[in-house]
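What follows is chain A paired twice: with chain B in the first complex and chain C in the second.
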Partner chain A sequence: MSGSAAVLPVFEHLNGLAAGLFLLTAFALVAVRQVQACLRIFIVQSVLLAASACIQAYSQEAVHLFILGWITLVTKAVLIPWLLRRTVRREVYVRREIAQVLNIPSSLLIAVALALFAYFIASPLLAVADGPFPRVNLPIGITGLLLGAYAVTVRREAIPQVLGILAMENGAFLAGVAIAPGLPLIAELAAAFDVLIIALVMGLLTRRIHERLGTTVVGEMASLKED
Partner chain B sequence: MARNILFNVIQVLVVMALAPLATGILARFKERIQSRRGPSVFQPYRDIWKLFHKDEVVPEQSSWIFRATPYVVFVAPIFVALLIPVLTRYPLFFAFMGDMLGGGFVLALAGFFSTLAAVDSGNPYGPMGASRTRMVGFLAEPVFMIVFFTVSFIAGSTIPYIVHKHWVTPLSNFIAPSHVLLMIAFVMLILAETGRLPVDNPSGHFELAMIDESKSLEYSGRGAALMKWGSCMRFFVLCCIFLNVLVTPWGLTAGETTEAVLLAVPLVLAKVIGFVVVIAVIESSVAKLRLFRITEFLGAALVTSLAAMITRFLES
Partner chain C sequence: MELFAILALPALAAGLALVPARRALAAASTVLASVAVLVLAIRVALATAGGRPVVAVASWIACDGLGALVLLLIAFVAVTSSIFSWGYLSRIVDAGKGPKLRRYYSHFNLFLLSMLAVPILAQVALVWIAVELTTLLSVFLVGFEGTAAALEAAWKYVVLTCMGAAIALIGILLLFWGMTTAGGGPFSWSNLVAAAPRMSPALLKTAFLFVLVGFGAKVGLVPLHGWLPDAHSQAPSPVCALLSGVETTTVLYVILRLLPVLQAGESASTWLVAFGLVSVGAAAFLLLQVRDYKRLFAFSTIEHMGIIMVAAGLGGPAAQASAAWQMLSHALAKSFCFFAAGAVLLAVGTRDIASVRGLMRNSPVAGIALLVAGLAISGAPPFAVFLSELSIFRAGIAGDHLAAVGLLALFVVIAFCGVMQQVNRMVFGMPPSTTAVPLPRSCVASLAMAAVPMLALGLYVPPALERLLGLAGTALGR
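Up next is the complex of A and B:
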């Protein structure tokens, strides 16, 4: 927390803008109907996350946050989408109507309720870690986390579920960078590598499911077991 | 005082004169993007002129509502033009009469009358379009409310002349997250409210798929001219509210001489044309939504405006 009072309003607004658009992408990840669009939104979200990290790095003159931002950009916006595209067949991505448990308007309303809930969870935490960056990033990060979890529960398709899990990680990261900017680089590196492996494993699993069953609508697999 | 009234009149005349031009430019740009030549940008003027010289036919069973509606639709945007900043940064003579919510109500009155008139006409397509417009309208209403409340929350006022100063003092307020998100939400609203593409196809001629157009199908002659001109002005006024109040006051004059006010006309027109290009690009790159997907589009607008509100809460 180097000098929270000395932050220029421009950086505060820029970081807020990145976080606000991050919030929007988190909502979009719940509401979008196409698998392809889901993946693109995830890429945008990762870019925004990296942007937020870089803005904080620049305004706090913290070199390791810069490195962190670039690692995020490379792994999440380039490598993970590439891996997911490589491991899973193209037919999965061209699906236009993702199977969902709830319809989209009610999904969005629940997402809004979750965002408000996240705001209330975050407000007591802000008493501990106050500053212009945590004040914005912590609640939005928690929202991203909850919305990612929500996407996992409400989507019935494998790839959007995987992206939900990765979005949870994004949310946690957005909050984490702001409240603990002094985290050692090695921990962040390990986390980034971890996510990459997660994406690879889940991508391969999805590929297997697709090869065996010809579909990736994992929500319908409970009934398969009973027969 | 007298000069302020004069400026107010100039403002109304500018809205009346330039509104068909904005619509014409939008149509032209869309055609160009789709690599066709398209009609001249002055086509709306010619249409209105032609319609004024035609005879009017009124359905036998219709009541006074059908006959009064064109005038209401025509006058409502003029009233709003008295209230909002079109050319000047400072409030003019009639600006005390209402804030942004007041303007919204006046525009809603015109919508209400055209809905009633559509039902009144007895044409089977009229009530269908009317009920669809209501559906879009009641979904758009909460978004409007949240946008206006967020604006008043950020700027501490709902008076447009106070609000628009807030975005550029200091300049970094312009990129404040709540401002950017508000702009996105309002563009979506304009698309929905003026019957633009993801919601409704303004150039479609298929009655079953119409939303906005089918309400004025029964009008002819002077009524049709007034309805057409009124809807052009409605679009222009909404653009002015968006560009001058919610985006920036740039291009508006602070000077109090007649020349300064007249000089603001091309600047504001340039701003509107820039926005119209953006709308043309949006309209050419999206497909029309199915009727019940409109809920999702406006749900997205609602979420965007809520995100603006949330980030505003977090920042303060």
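Up next is the complex of A and C:
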């Protein structure tokens, strides 16, 4: 458990590196223009999440964090991309540009503001922190969550919206491996399963929408409102 | 033991529904399973009302007063909704489409399973997963009719509620962190309440706000309510009854569970009252301009969720018990409303308020049902909602929260006028020349069944139920 032994600085630095790169991928998810690139960035982000979990597992000799890292790697970096590619037809990926509500430079500015806001939320909590890992992972995790939410709201295409939601969960779990390493394994397993169901359900729904409406620009569906 | 059976029965029925046999098999097994679940839920409720919480696996699977109340509501609406489904589905799914029907019933049962799991699970992280599953397993029910509008509603529903769930996840993880710093122990609701005084107030407040915003999106709190009228109007009516009647209540239950954890400071109740009043007010005015009667009832759900939050936020045993009471009366009345809406839809074939006239002459059963639904949900005597809203006002005035109660009463009156004006237009007047289609017998039966407790509890509350409501109220405070 945390606080049992002093953390070796090498693990601290490695985790800092993984989390820093995670932050970069969170920004990249807002900045890229192609559906394919979004998916690749999501895979890289998931690998970094798994890396952070494994580094902390080594440093704290926590076996179930290891298991969590491997589950993350298998579900998010392998199974989910495979599922999304299976369920959604190729032409959805081939489309180059993602329809977006705001242009990329202003999006990045807003993303920076959101990152500052995340640090503002996290800083009073860090007074409780007793290890070096929450200090790094908690603010970056919350940033990942907020940037994912931002990506979902500005993107009009279905698959980038799905990836935005999954990136939000990645952010939550990055914070989670640091602040809640003792979470029961069954909860972790169920959460991994849950993420798979999200990808499956949303992938199938995207396919239905594509079949029925001939488009996956879900942001432009607006038949349901008053007047 | 009962708790395991409650979880196993819908799973079994979901499997049976997939067996490619006669159409009646899926429907009948669903009805039977939900009746059995209701019987078990009543046993659990009676045991907890007698002062013995039902525990299957300590700190993992257990049910106290508040949990038993929510469980009972889900089980009751499940029964009426599965009976209503029988006739409703036979009308909207063509005779040749067995697989489509079987898919409906298997999703229906899985959705029930995920909802029943929320009050039964005591482990907070697993509760989060169960809530997330209620969304994922009901998406295809919302988009069941396959029209462009239904798919749009399903997409908005899954995107907004999954975003909310991810936000709530951080809140849950922060609470777990708080438990670790406060000395650890199993991550169950009761342990959380016990450990709360040893946690940092800043952490508790942040965690609560994450959960409130995240799950608030699923409850339909304004301004995160955008998806709710869409999803609750596009789904088939029996599914709407579950979504509006009990799914929202189930998620609200998770938010309210955190109230005793937060009692160290005043802030939680202030947030609840503020958020609740904004929702009630916005919904009351949005009600006035709807053109689709299913959306009318969906906005009324937003209003009622706000009322429950205000009642829970006012604090004190009387207000908390009245919040529990309002949860009960809302679930009963709102499920009836959507059955009535489904009956009207079957009778006249349109959801547009302006093109429905003179229902009373055209289809008396649907007309009476709609009139009763309007009166019951907007809080006219002698229905259950009237008494529960009255008890909220009384508790608020006794607790000296005059401003909040005054605003609440104003909004409730506006909503009453909004609902009744629209319902009047549809029920009375001269019908257009087209004749209405007669209703399937199972739909009439389920309307009658849903009406009984809604009316009876407005006149008499059995002592066991009163004790259960009292216990549920106490669970909302320290």
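The rule is simple: the second predicted complex is superposed on the first by the 217 of 227 C-alpha atoms of A that agree within 3 Å, B and C clash if a C-alpha of one lies under 4 Å from a C-alpha of the other, contacts with A are read in each partner's own complex, and residues count from 1 in each chain.
Convention: a residue touches a chain if its C-beta (ideal position, glycine included) is under 8 Å from a C-beta of that chain, and two chains touch if they have at least 3 such contacts.
Just so it is clear, the structure is predicted and the values come from calculations on it, not from any experiment.
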| item | value |
| --- | --- |
| Overlay on chain A: chain C relative to chain B, clash or fit | fit |
| Partner chain(s) touched by A:I80 [first = chain B, second = chain C, both, neither] | neither |
| Comparison of chain B and chain C by chain A residues contacted | C |
| Touching partner for A:L65 - first (chain B), second (chain C), both, neither | neither |
| After the two structures are overlaid on chain A, angle v-u-w for chain B, chain A, chain C in degrees (C-alpha centres, nearest 10) | 150 |
| Which of chain B and chain C A:I121 touches, first, second, both or neither | second |
| Which of chain B and chain C A:L174 touches, first, second, both or neither | neither |
| First, second, both or neither for A:I197, with chain B first and chain C second | second |
| A:P139 touches, of chain B and chain C: first, second, both or neither? | first |
| Closest Cα approach, chain C to chain B, once both complexes are overlaid on chain A (Å) | 18 |
| Residue ranges of chain C touching chain A (in the complex, touch as defined) | 123, 125-126, 129, 132-133, 136, 139-140, 143, 146-149, 151-156, 158-159, 162-163, 166-167, 169-170, 173-174, 176-178, 180-181, 184, 187, 200, 202-203, 206, 229-230, 233-234, 286, 289-291, 295 |
| Residues of chain B touching chain A in the complex | 170, 172-173, 175-178, 180-181, 184, 295-296, 299-300, 302-304, 306-308, 310-311, 313-315 |
| List of chain A residues in touch with chain C within their complex | 1-2, 121, 124-125, 127-128, 130, 134, 141-142, 145, 148-149, 152, 158, 161, 165, 168-169, 171-173, 175-176, 179-180, 182-184, 186-187, 190-191, 194, 197-198, 201-202, 204-205, 208-209, 212-213, 218, 221-224, 226-227 |
| Chain A residues within the chain B interface of the complex | 9-10, 12-14, 16-17, 19-21, 23-24, 27-28, 31, 104-105, 108-109, 111-112, 115-116, 119, 135-136, 139-140 |
